[in-house]
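Before we start, here is the structure in question, set down as structure tokens.
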Amino acid sequence: MSDLSKIPIHTEKHAPEEARTNPLAGVFDELVRFAQSRSMYMLHYCTGCGAIELPPAMTSRFDMERLGIQPMVTPRQADILLVTGYVSVKTLKRIILTYEQMPSPKYVIGICSCTVNGGMYWQSYATAKKLSEYLPVDLYIAGCMPRPEAVIEGMRALMANIQSGETEPWKDYYQRYDYYLGNQQHLFGDNWQTPTDVIGQAQHYGLAGPETEGEHTRILQQYQQPLVAHKLRLK
Amino acid sequence: MEIGKRIADIILMPIVAFVIGLFMVLMLRKIAAKLQRRVGPPFFQPLIDIIKFYSKTTQVSHGLLHDIGIIMAVGGYLAAESLLPVPGMDGLSDKGGIITLTYFLMIPSLGLALGVGQCANPNGSIGISRALTAMLAYDIPFVIVIFGVAWHYGTTDLSEMISLQQAQGWGAFEMPLLALAGLFALQGMMGKQPFEIYVAPAEIATGPMVEMGGKYMGGLFVMQCFQLYTAGVLYTTLFLGGGTHWLDFLIKIFAVVAIPMMIAFTFPRYRTEDMLRLMWKWPVLAGLLGIAFVMY
Amino acid sequence: MTERELDTHLVTILRELESLEYRQTSPRRVRIDVTREALPGLLELLKGRASYVHLSAISCVDWIEDNEFELVYHLWSYESNHLVSAHTRIPRETARYISVYDLYKPAAFFERDIFEMFGVYFEGSPHMEKFILTEWDGPPPMRKDFDAEAYVQETFNWQSYHPDWLKELEEEGGGVAIRPEEVRR
Amino acid sequence: MRPENYQAQSHPPSNEYELFIGPNHPGIEGNYAFKLKLHGDVVLAGKADGGYLHRGFEKLMEGRLWIQNIALVPRICVPDPVPMEVTYSMAVEDLCGLEVPERAQWLRVLQLELSRIAAHLFTFGGHAATTGMYTTSYWGIADRDLILDLFEALTGGRVYHIFNIPGGTRRDVPPGFLEQVSQTLDYLESRLPDYDNLLFTNQVFITRAKDVGAMTQEQALEWGVTGPNLRATGLAFDVRRDDPYLVYEQLEFDVPTEAAGDAWARAMVRRAELKQSFRILRQVIERLPSIGGPVRAPIPNPLAWNVPAGETYARVESSKGELAYYAVSNGGDKPYRVHVRGPSSMHAVQVLEWLAEGARLEDVAQIMFSLDACPPEVDR
């Protein structure tokens, strides 16, 4: 193994967006970012086996509440979607539905090696391999499975990123919706649709970019049907 | 009382209530943490949570009533705060009195019911129907207690009750049975275990809150602060002689809120009908006996 | 009753039926090979007269070279503490068999599982529909002629093991010490 | 804004409605879904919906070497992984006719019982949390972590250990490990009264758990219920005692039973089993130092290990019930077929559907957790 200390460390300076004239605006933005980084509600959704290390991280031994991290039950209240482990195609659909229902700013953490590249299920026909193809992922925590310390460390890294205003992949989902939708359609078929009107949201919040719409969103519009109330089917 | 002081009180009292409510939420979470053998949240966590929710970019509204519902929920408590006398500030308490307050305390639940109804989420609908059932359960002993206390002091004016208690001694010693029934009603009013039937995450995924996100959830967090404060101050005013100065007032209201919290984290929750059965049996019985003692 | 007695009891029952072979593979395991016509009758006898009330599992094996599916019914007796495995074979083309749900309730789960994974249809089974693979429209995946690896390579993309940012690092002398390709060689 | 293109529709008035529990719901153990048809609070019909955790294990195993699959099997049941490794190893040993050294058998019993304690503590916590009792679940999960620490000391992994291989175990115990186990057991035993005070004698919990999801012994046998859930109906059956494997025949333990068959009885059986596991572990700690010999039988080169053709059905008692592996070899270096019979394949699907019928909405989550259903075993 070559000398690890020789690896150069890259630091890139981010250009400030545009100078705000009001000095208080900067303070206010800082406060909001601080609050967003210190109060992270994670969605209570165990998508895979990595979820077994979340209870220890949440409960008395490692106590995530020290850092303001709490489990929350519904996507509407949650800020972080923890994708804990492999995602089967069936789960991936639900993850996308859930992700689109979460209010932005929202963050996705891929826990376990399986979310990075399929992990040890690389030859399984049922699991999706690269999570970042379908959703904008903020952070990966590798390991099979990562220990609670690693999970908390990853959360802290995300906190630092939020506070410095660096991590905003949730905007990427609106700006490059066509790319993500294309990958989703490749896996789920052309008639894939979700109840959330992502394009409408992007336009409403001024996040629409040149790649928001494209060939895949045209396919979506072609197949899109208005959602109707669920019919009673059971027995 | 001159008009300027009154307006200043009306503005100041909800702010005071909110700040104290934040500390009560912090205390709630710290008590839970201590019982569960962990550290618990940092000092400013309740405030940070609320700022976070209000800073959300996406606000998912399900219609006009959804918006109005939250406004009613918070507004009902805001109005109630101006009727609750605190040391140095009386607000509208001499005008409103305890009967008006009892009505105001029902507004939040009804407002939530309106708002949640529009969300069209079955979990929310079940939750709100349970919340209204719970209100029905705790309101019977609550009204009995209010009636008994008002009869005992011969007035419905809260500030007058305080001065009477400070002259004669605390209501809890004069009406122990009513005070006991009041504690039960308090536990139900705060919606904590064993009466936490309408949040019930494992059953109906937090019930009324299920479709709330962003500002709406922030509104509910603000409402929780007011709720804890109102419960604490109301009980203190009725049974613990209110406050002569801020120090003993704060000690009393925090102590009153701490009791249900400690019970809450050492009990599971009842089923809906078990709550009704319990609420309509022991606290009502104690309350009626208490009234009998008060009357004769 | 001792175990030995029950053993003879089981043997007498098995002797009543024709067209089956049985042998004891270990002290508590009995293997029975039976034709597909006789299997439901055998199970009925085992449950009704020999206390084999617990259907532990139904396994299916795809013997593609013989062009047959092997179905194995594992039965346990809480009284004699023996496990009987009844093996039978059905042709691979038709892939149809009779459900034993009316004898053993647990059979419904295993039969549905085999239906999904191997495409064997069980007549009379209550839930002949998809349960696990509701979002899957390919061939039954557990059949030997379905090549999962080829399907995966065709369907999914992989994370690049040598992304651009790593190349930049390597030009400056850093990077991964041992390549994954080198490790696999 | 109204972000969702939902269009309200009018329906004829009805008291019946459908409710989805899961896959994203705290009342569901793991990634699993349950559809309910309700009339008021009463469940008219329930339908399980699995497959969210499907990875195609059985297919994956056919594509990997016999020894490689050891890394795969513990993933089939995350809260209780050790029985998976042990059962698979037992199946391979049976196919090859390998004799496992006695010391390795004792080591396996040690791990199996530790894993059972960890799984039961986890289940307690989950069961209590479904009734709104979070303190127990916080304690239970924190106490379970002590067992995970022991596993880390023994195997290097907290959750997945990959410690048992066909032929024995990978290593021997590290020095001082048995004292560490003994101390942890003392601590856990001293915590049991706390759990009793908080949960098992809590009148509210008793009110909630009694008569919930009750079944009789005949019904349990009919629906293929196994493990603690079967013992809660009064049948004293334990694979460890009645179909013995490893060295369980040399160990003294009772098979605790309860008569009622409801959620309460199931919780009490688990509590009693904790004590039996403590008892077994103490015997292991006492006997293990006196048993010498290797911890691993010599096995051929694992990368070119052609297991003789044949088939076997290996069966153990996991913390959730009867766990079995049906392994078939055609003489190759990879399994021809491995079928996993997880205990939850009964509990989480048919039994849950059947018990939910007529139950109350409040109790559905509790029934699922009291059955200790583990969805990855269903989906595989």
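The chains carry the letters A, B, C and D, assigned in the order they are written, with residues numbered from 1 in each.
Here is the rule we use: a contact is a pair of C-beta atoms (placed from the backbone, for glycine too) under 8 Å apart; a residue touches a chain by one contact, two chains touch by 3 or more.
These numbers were taken from a predicted model, which means no experiment stands behind them.
Undergrad: Applying the document's contact definition, name the chain pair with more C-beta pairs in contact, A-D or A-B.
TA: A-D is joined by more C-beta pairs in contact.
Undergrad: Please indicate which chain is farthest from chain B, where distance is taken between mean Cα coordinates of the chains.
TA: Most remote chain from chain B, centroid-wise, comes out as C.
Undergrad: Using the average of all C-alpha atoms in each chain as its centre, how far is it in Å between chain A and chain D?
TA: Each chain reduced to its C-alpha mean, chain A and chain D end up 31 Å apart.
Undergrad: If you average the CA atoms of chain A and of chain C, how far apart do the two points sit, in angstrom?
TA: 37
Undergrad: Let me have the rounded angstrom distance from the C-alpha centre of chain C over to the C-alpha centre of chain D, please.
TA: 21
Undergrad: For chain B, jot down the residues that touch at least 2 other chains.
TA: Expected reply: 36-38, 58-60, 201, 205.
Undergrad: Two-or-more-chain contact residues of chain C, please, as numbers and ranges.
TA: Residues 133-135, 141, 148-149.
Undergrad: Send over the residues of chain A in touch with two or more other chains.
TA: 44, 59-60, 73-75, 90, 123-126, 201 - these are the residues of chain A that touch more than one other chain.
Undergrad: What kind of graph do the touching chains make: line, ring, star, complete, other?
TA: Chain contacts: none of line, ring, star or complete; other.
Undergrad: Can you work out from the touch definition every pair of chains that touches here?
TA: Between chains, contact exists in these pairs: A-B, A-C, A-D, B-D, C-D.
Undergrad: Quick one: which bits of chain D touch chain A in the complex? Just the residue numbers, please.
TA: Listed in rising order, the residues are 1, 3-9, 11, 14, 16-18, 23-26, 30-31, 35-37, 44-45, 47, 51-56, 59-60, 63, 71-72, 75, 78-79, 122, 125, 137-139, 141-142, 144-145, 148, 158-160, 376, 379.
Undergrad: In their shared complex, at which residues does chain A touch chain D?
TA: Going by the criterion above, the answer is residues 43-49, 51-53, 55-56, 59-61, 71, 73-75, 86, 88, 90-91, 94, 98, 120-121, 123-127, 144-145, 147, 195-197, 200-201, 204, 224, 226-230, 232-235.
Undergrad: Considering only the defined contacts, which chain A positions touch chain B in the complex?
TA: For this pair, the touching residues of chain A are 31-32, 34-36, 38-39, 44, 59-60, 63, 65-66, 68, 73-77, 79, 101-105, 201, 205.
Undergrad: Which residues of chain B touch chain D in their complex?
TA: Of all residues in chain B, those touching chain D are 32, 35-38, 58-63, 120, 122-123, 126, 193-194, 196, 200-205, 265-272, 274.
Undergrad: Where on chain C does chain A make contact in their complex?
TA: For this pair, the touching residues of chain C are 133-136, 138, 141, 146, 148-149, 151-152, 155-159, 169, 172-175, 177-178.
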